[in-house]
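First, the structure itself, so that you have it in front of you.
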Amino acid sequence: MATVVFMLPLVGMVLMLILARSDQQYRWWTLTTSIVTFAVSLLLVRGFDKTSAGLQMVDQFDWISGEGFSIQYYVGIDGISIWLVMLTTFIMPLAILSSFKAIQKRVKLYYMFMLLMEWAMLGVFVAQDLFLFYVFWEVTLVPMYFLIGIWGAEQRIYAAVKFFLYTMAGSLLMLLAILWLGNEAGTFAVPEILEQLKTGDLVFSTATGRWLFLAFGIAFAIKVPMWPLHSWLPDAHVQAPTAGSVILAGVLLKMGTYGFVRFNLPLFPAASETFAPYIAALAVIGIIYGAWVSYGQKDMKKLVAYSSISHLGFVMLGIFALNSSGIEGAVLQMVNHGISTGGLFLVVGVLYERRHTKLMAAFGGIWQAMPLYSGVALVIVLSSMGLPGLNGFVGEFTILLGAAGSDAISWWFTPLAALGVILAAVYMLYMFNTVFMGELDKEENKRLPDLDWRELYALVPILIMVLVIGLQAGYFFEFMDAKVGDLVRDISLAVAAGR
Amino acid sequence: MEASEVSVELYVLLSAVLFIMGVLGVLLRRNAILVFMSVELMLNAGNLALAAFARQWGNGDGHLMVFFVMTVAAAEVAVGLALIVAIFRTKQSINIDDLHMFKD
Amino acid sequence: MELTLFIIVGAIAVLSAAMMLISENAVYSALFLILNFACIAFFFLMLNAPFLAMVQITVYAGAIMVLFLFVIMLLGAERIMTGDFRYPWLTPAAVILALVFLVAASAAIIDGDIDFIEEHKPDPYVRAVHAVIDAGELDFYLDDTLIASGLAYEDSSDFELWTEAVDSRHTVRLFEAGADPASAEPLGEEIVEINAGEALSFVAVASGTGDMDPKLIVATEDVTFNEESGTARVVAVNALAKWSSVAIVDKENNTTLIEDLPYGQASAGVLLKKGKHSISVYPDGNDQNQLAVLKNTEFDDNTSVLWVLIEERQEGNTFESRILNIETSGSPSFGSPTHVGRLLFTHYVLPFEMVALLLLVAMIGAIVLTHESLAPREPMTRRLANPPAGLDQPIIGKPEK
Amino acid sequence: MENYFDLVPLVVLIPLVGMLTNLFFGKRFGEQGVAIVAVGASAAAFLIAVILWIAQVNTGYVPAVIDMPVLGDWINITSAGLRIPWEFRVDSLSVTMMLVVSGVGTLIHIYAVGYMHGDSRFPRFFVYMNMFLVFMLLLVTGNNFLMMFVGWEGVGLCSYLLIGFWFDKPGGVGWKNSDAARKAFIVNRVGDFGLILGVLLTFWTFRTLDYYKPGEMPAAAHHEEAAYEETLFAPDLPEDEHHETATGPIGVFNQASAWLEEGDHEVNFGVISLSLEATITLITLLFLLGATGKSAQIPLFVWLPDAMAGPTPVSAFIHAATMVTAGVYMMVRSNVLYHSSDLSSFVVAMIGATTAIVAGFIAVGQWDIKRVLAYSTVSQLGFMVAAVGVGAYAAAMFHLVTHACFKALLFLASGSVIHGMEHGHHHLHEHGHGDHGHDDDDFDPQDMRFMGGLKDKMPVTYWTYIFGTLALAGVFPFAGFWSKDEILLDSIKHGVNDGYLSGYLAFVLLLIAAVFTAFYMWRQVSMVFYGQPRHAAAEHASESSNLMTRPLIVLAILSLLIGLINIPSGFPILGWLLGKHEFTSFLGHSVTFAHAGSFNFLLATMAVILALGAIYAARALYNDKTLATLERDPLELDERTAEAFALANAKLYWDEFYFKYIIWPYRNVAYWLAEKLDWEIWHDFAHERLIRDPFNRATQFLAEPVDKGFIDRNFDRLGTLVRRVSDRMRVIQTGYVRTYALSVLFGALLVVILILLPVLRELLGL
């Protein structure tokens, strides 16, 4: 079942390459594929057993195996990955829809990369074998590299190469760690490795555990990105096309945080416990630093990019609170951030399509010219600011709650992180005020057309999700609870046992 | 199995002779159709050897091989002749020495 | 006689091949090739391959060569101009190489010690025969494979190919119909040896007069039937417990077919001319006491006949001897269309299908290649990066002027 | 009657429907349709509040907890024990708030229909107003702190939107409005920071955020409060039922009471371990930070005066009557916690009292009619907060109710004045009265210096304004008298009877603040209504439409009478006539530590005399002579008070202080971080100079001398060799098929010979 969902984009891509003939057909074909994928992924939610902590809808067979090692095709979903899969399938149609007008060159290639991207990202979230995971992890780089490098802004090559090198550098460390683990365990399948760790068939020393944690951790931290490894992010965001930014912020960054939850915590619980204060400290620095730097920006996209650093700091803090409200909040916050920040990039993209500038100083009083658009933008900005009743708040609140009650990290991280909530209001309202409020005093802004139907269709689902998660987060937490409860218990058991 | 006066070696020898003649045809004739016919001759020589061995071994598999070879030959002839026709249309010639566009 | 024919036809074949080679006119070449194919068809006949011969004539000589002729005529390419050739050494080189090839091959064929004689034996056949009076339906297992299920009295199963390991000991067990071989106690059990090329009948008979305990007798038959035409091959199984051994006599010409066949044994194969025969069974050494008779029974050639001598319960609980006559037609003769066809639809189904597909593809390919839209009408001008002298002109069609 | 409690979701949902209707179809409805929908929604909410009130009274004040229909739990993390349901609470406190919010709200909605007439974004205005109602009612009806927080931030959002409603005004005003809106939101966020931390701490202390679980009763007050025995209003429940409810899951407040009664309770979570008392002190102080934000107390009151940039109904509704009282409501709701922490109570009382006096002082120095009222609001909120600090929770709520009426009245009346002034100004332009010496560019309809003599032009406004002023000044028998008097008395009792220093301090500060109140209010009345018009606009001002004046009249009547709901015990005649402290006893069913105020004739007389004295002083100072040309304030002209007036006029340089020490540093550091540290140093220098350039240099070195100079050259030689060889070999590739065929034959021959090698070797005898 998991296979069906994540293979759909690939199938769609191949069929598109064979069957579609004109630019218009490429667009619609890709959009249809992504919507079908989303529809099918809804079946995952439907068929998901909330009471089970284990993997569900598993597909598993040997892929490459030999003497003393086995690499499996092993996919499945559990409480943690289901919402990330959903996030991916949800964001992609919107990203695709948003590029209908913006992308006019090499259309076929572009949409091919979009579907390839979706496939690889879904692969990352469903893979349960380290090797398979690594393959998808790397595959995601390629389409994004080209999305930035071909359809980006002026400095696209620089940004694309930086993005690629940064991520690649981290993931090579991870590859080493994966190979080491696979070699020791004789298998690359995570559930099997965990089983061996639990039964004591596989034991590694504290120091080894820490090294492995760091090897995985750095790869993920770059992807997140955690302060101070964030330098690639503003470049990538500013240069990427709108849809690229949406995917980058919406899904790609979540691969890092997801990696921490999926691999670092269960595989190296003792090391997680050891490193939790340090990572939490970096996360809090990231929260405040990102928020502070955002305020100093002149370019909207850059502002949103830095705000991602701040938001993902929250996610990291929640994960390394190492308790269930922190981790569940973090997972939900990944989804929230994907939706809100994805939405913000769409919003910025709308203006960019009209004015071809992202400088805030070029705008002002847009609300008067584009009331519908501004209303939509307001909701997304508020969601990103964490207004209660919208999605961002629920995640931030549960994360802060987890951090406040965490045994693993000190109490003062919580007030510092909560400071980030104030700062979020500062930079977000700064952007909103300068762009949307105030007087409509620039001649070129006076005749801007309001949202057309296509843009509305791309933004309305985001609004809906913002409200649904904001008002009914309990439904989303229910899916994770069994899995995260298990994870937290395993960590505390493992820490107690000194693993 | 009844004994035969003619030993299998003779058949194989004959087959070899025919095969070599086919080879010579391929090498020496310049008419593409003739080259093609020579290929057919080579195939037939092979078939003959197969049939001979099949009898020697008392095994029907050899016959099947012959059968398949014939079928493949039929397919080959169909495509080959189509190729010749196509080439003739463009080049107005079926002299294979005129067909050396691989070089340059 | 055969050798003579071979030499004559072989000479024709070689000659026609040579003529094909040297004919200037392609039509003649084609005709010579047809002749050559006919010779090869003749050889196929000599090699017990009538089916191939037939196909050779119809498909090769008939269809393919006609296609050739058609194309030759269509293109008007009976002759081609032979201009200069840049590699005059090619001809002698080719001839020399071909001759070396031929010599090497012939030498190896004639004087080499390649073993052409080793015979390949086909997989064995097995079947079961139920001749236990009063017993119900039986299941026969060879090792753990069910070879006959629910076999009624007097019935025999068909010969089945036994593709498992051969040349080793196997166990034949028989059970009441429907019994579970894993748990149930077998009614009878026998260890047999199965060799390649054999056809074995596992005959279950009563182990004594009126005794219902079955006993297994293995009779070796031959269904390939390549021995002598016009005969049937007979194997007898003696299950008459009353007599130590029996003899079987052909009444027509009063020849004793089988002598001294002890109880519980199977005879070796005996050949019986095709036609009507009356067969009697006597206790060994006693011509008067006819135990059972098979009157005026027609025997076809190419059949394998199994006689099982059994005692049958009559009214009043008496027993009477009887011959159970089981005929099996032999497998088709080597090389016949039936033989080829059977192979084709058993072992070679997949290759057959693939070849069929290949033909289909070839057909489509031929159509595509000769389709007008794909063949540019305009003469093509060669473009040479580094044209050799004299070749920078268009070499086909009319030079543009 | 309990069934009526199920209506409570409608209180929120009806305004929500109204809001959505106007949001999606407002443009098609036209002004009238929009007004009907919006006012109807508000009135319907009020109707339901009234029904709930009656139901409360008739069911014996049993609190009820009602689930939100349709929605499931908001947040539910079973493994962390966290469950935040969508639950509404109906008890006397929430019903009081509902009545105030929807009642005053309805009147202001009606008024706004007239006030906003002709605005290009008329529907949008009422969308915001209804949205505000939604959030405000959610705030007061929620049964847990997080739901309150939804309302809390939601009203902040509406406040933001409404302050910035005229963001498009030309001439820099729009930008100022937008900035004021942003300021309000961000300052509130600072408060919210405290509130959310308090909520986190509450959760980890009590493992729930529900005030009370469904079916749970508020616990009775402690018995050591015996001094107020006769005025205690515990729920009418037998003692044993209390213990019964305590066995099930219990909410924050009862848990706190139970643990406090047990004593020596340690709170452990994460790495923290504190005594319960310390935790509660921490929680209440954090809540206080929240309250200072929302209720505009020191140090976070700076946003409220700026918030007057919004349309006047907004100022009346949000920034005077309802939203700003949310902090008071929250602290009253948490009275159990505040009551148990002396430190917090002290801080609360001090902050409230200081705010009251500071804001009162600043109000004296303002020219803007709405700013005066804004500082007045801050000051009055200080009264309420101080009341909470001295444990007079009921008095705080009482003052909240009365203040809602008369302050709404004052704002609306001032709106009417502004409207009249604008009307006059408009009139002036139309009729080309250019002969006046005033430069129209300087004209500000809100500046009191341009007004004067409006008494005759706007009689209804004038009289209602007088009512509001007297009520605010605390003159008998107006509403403000009762509530302010109760607060003053409770403070001094807190000091004298219970021996708390905060009681004395608060009393003194509040008394002075009350004097300031009376003074600046009469200053305002004098400037606006008395004397002669100082500007042509004032001359041509006219009374507002009925739509605007009728709510004023209703509110004026309320300002006069609303105080009678809570006649203190000991007041002659009226108490006997109308019942004693009705409101307090009503509130006592949900506010554990509500206690009724008594009446001290001496104190009341003193307060009234002080107020009247201040009024007299104001009238004396701002007499018709000084009012004639009001370029400068009389206080400014007097040397003794000039400095103080300048200070008040400059708002004590509070904003400047924040700008200088917080905002500019923050902004400059932000620019420095963004441009220097993150971009030039980290992004450019570290990445490009330290990593990329050395790498490039290394690659250059490898590429040029090493690779090209050595390796490549040698391989080139090899390549040349190969080329030369292959030049020779190339001949083989003739392009002629037959030569290829020959080579195939050659190859085949080799293979055959190889296979036949043993045979041939034997044959040749080798």
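So that you can tell them apart, the chains are marked A, B, C and D in the order they are listed, and the count of residues begins at 1 in each.
Note that in this section a contact is a pair of C-beta atoms (placed from the backbone, for glycine too) under 8 Å apart; a residue touches a chain by one contact, two chains touch by 3 or more.
These figures come from a predicted structure and were not determined experimentally.
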Chain occupying the most central position, where position means C-alpha average: A
Best-connected chain pair, where connection means C-beta pairs in contact: B-C
Length of the line joining the C-alpha centres of chain B and chain D, rounded to whole Å: 96
Centroid distance [mean C-alpha coordinates] between chain C and chain B, Å: 26
Rounded Å distance between chain A and chain C, as computed from the means of their C-alpha atoms: 68
Numbers and ranges of chain A residues touching at least 2 other chains: none
Interface hub residues of chain D, defined as touching at least two other chains: 734, 736, 738, 742, 745
Chain C, residues touching no fewer than two other chains: 90, 94, 98, 101, 105
Pairs of chains, among all present, that meet the touch criterion: A-D, B-C, B-D, C-D
Touching residues on chain C, where the partner in the complex is chain B: 1-3, 6, 10, 13-14, 17-18, 20-21, 26, 29-30, 33, 36-37, 40, 43-44, 46-49, 51-52, 55-56, 59-60, 63-64, 67-68, 71-72, 74-75, 77, 79-83, 85, 90-91, 94-95, 98-99, 101-102, 105-106, 109-110, 116-120, 122, 226, 334-335, 339-340, 343-344, 347-348, 351-352, 355, 358-359, 361-363, 365-367, 369-370, 374-377, 379-380, 382, 384-387, 395-397
Residue ranges of chain D touching chain A (in the complex, touch as defined): 71-80, 82-84, 86, 146, 149-150, 152-154, 157, 160, 164, 167-170, 172, 174-175, 178-179, 181-182, 185-186, 189-190, 192-193, 196-197, 200-201, 203-204, 269-272, 666-667, 669-675, 678, 682-683, 686-687
In the complex, chain D residues that touch chain B: 733-738, 741-742, 745
Footprint of chain C on chain D - complex, ascending: 734, 736, 738-739, 742, 745-746, 748-749, 752-753, 756, 759-760, 762-763
Complex contact set, residues of chain B against chain C: 1-2, 4-6, 8-14, 16-18, 20-25, 27-31, 33-34, 36-38, 40-41, 44, 47-48, 51-61, 63-64, 66-68, 70-79, 81-86, 88-95, 97-98, 101, 104
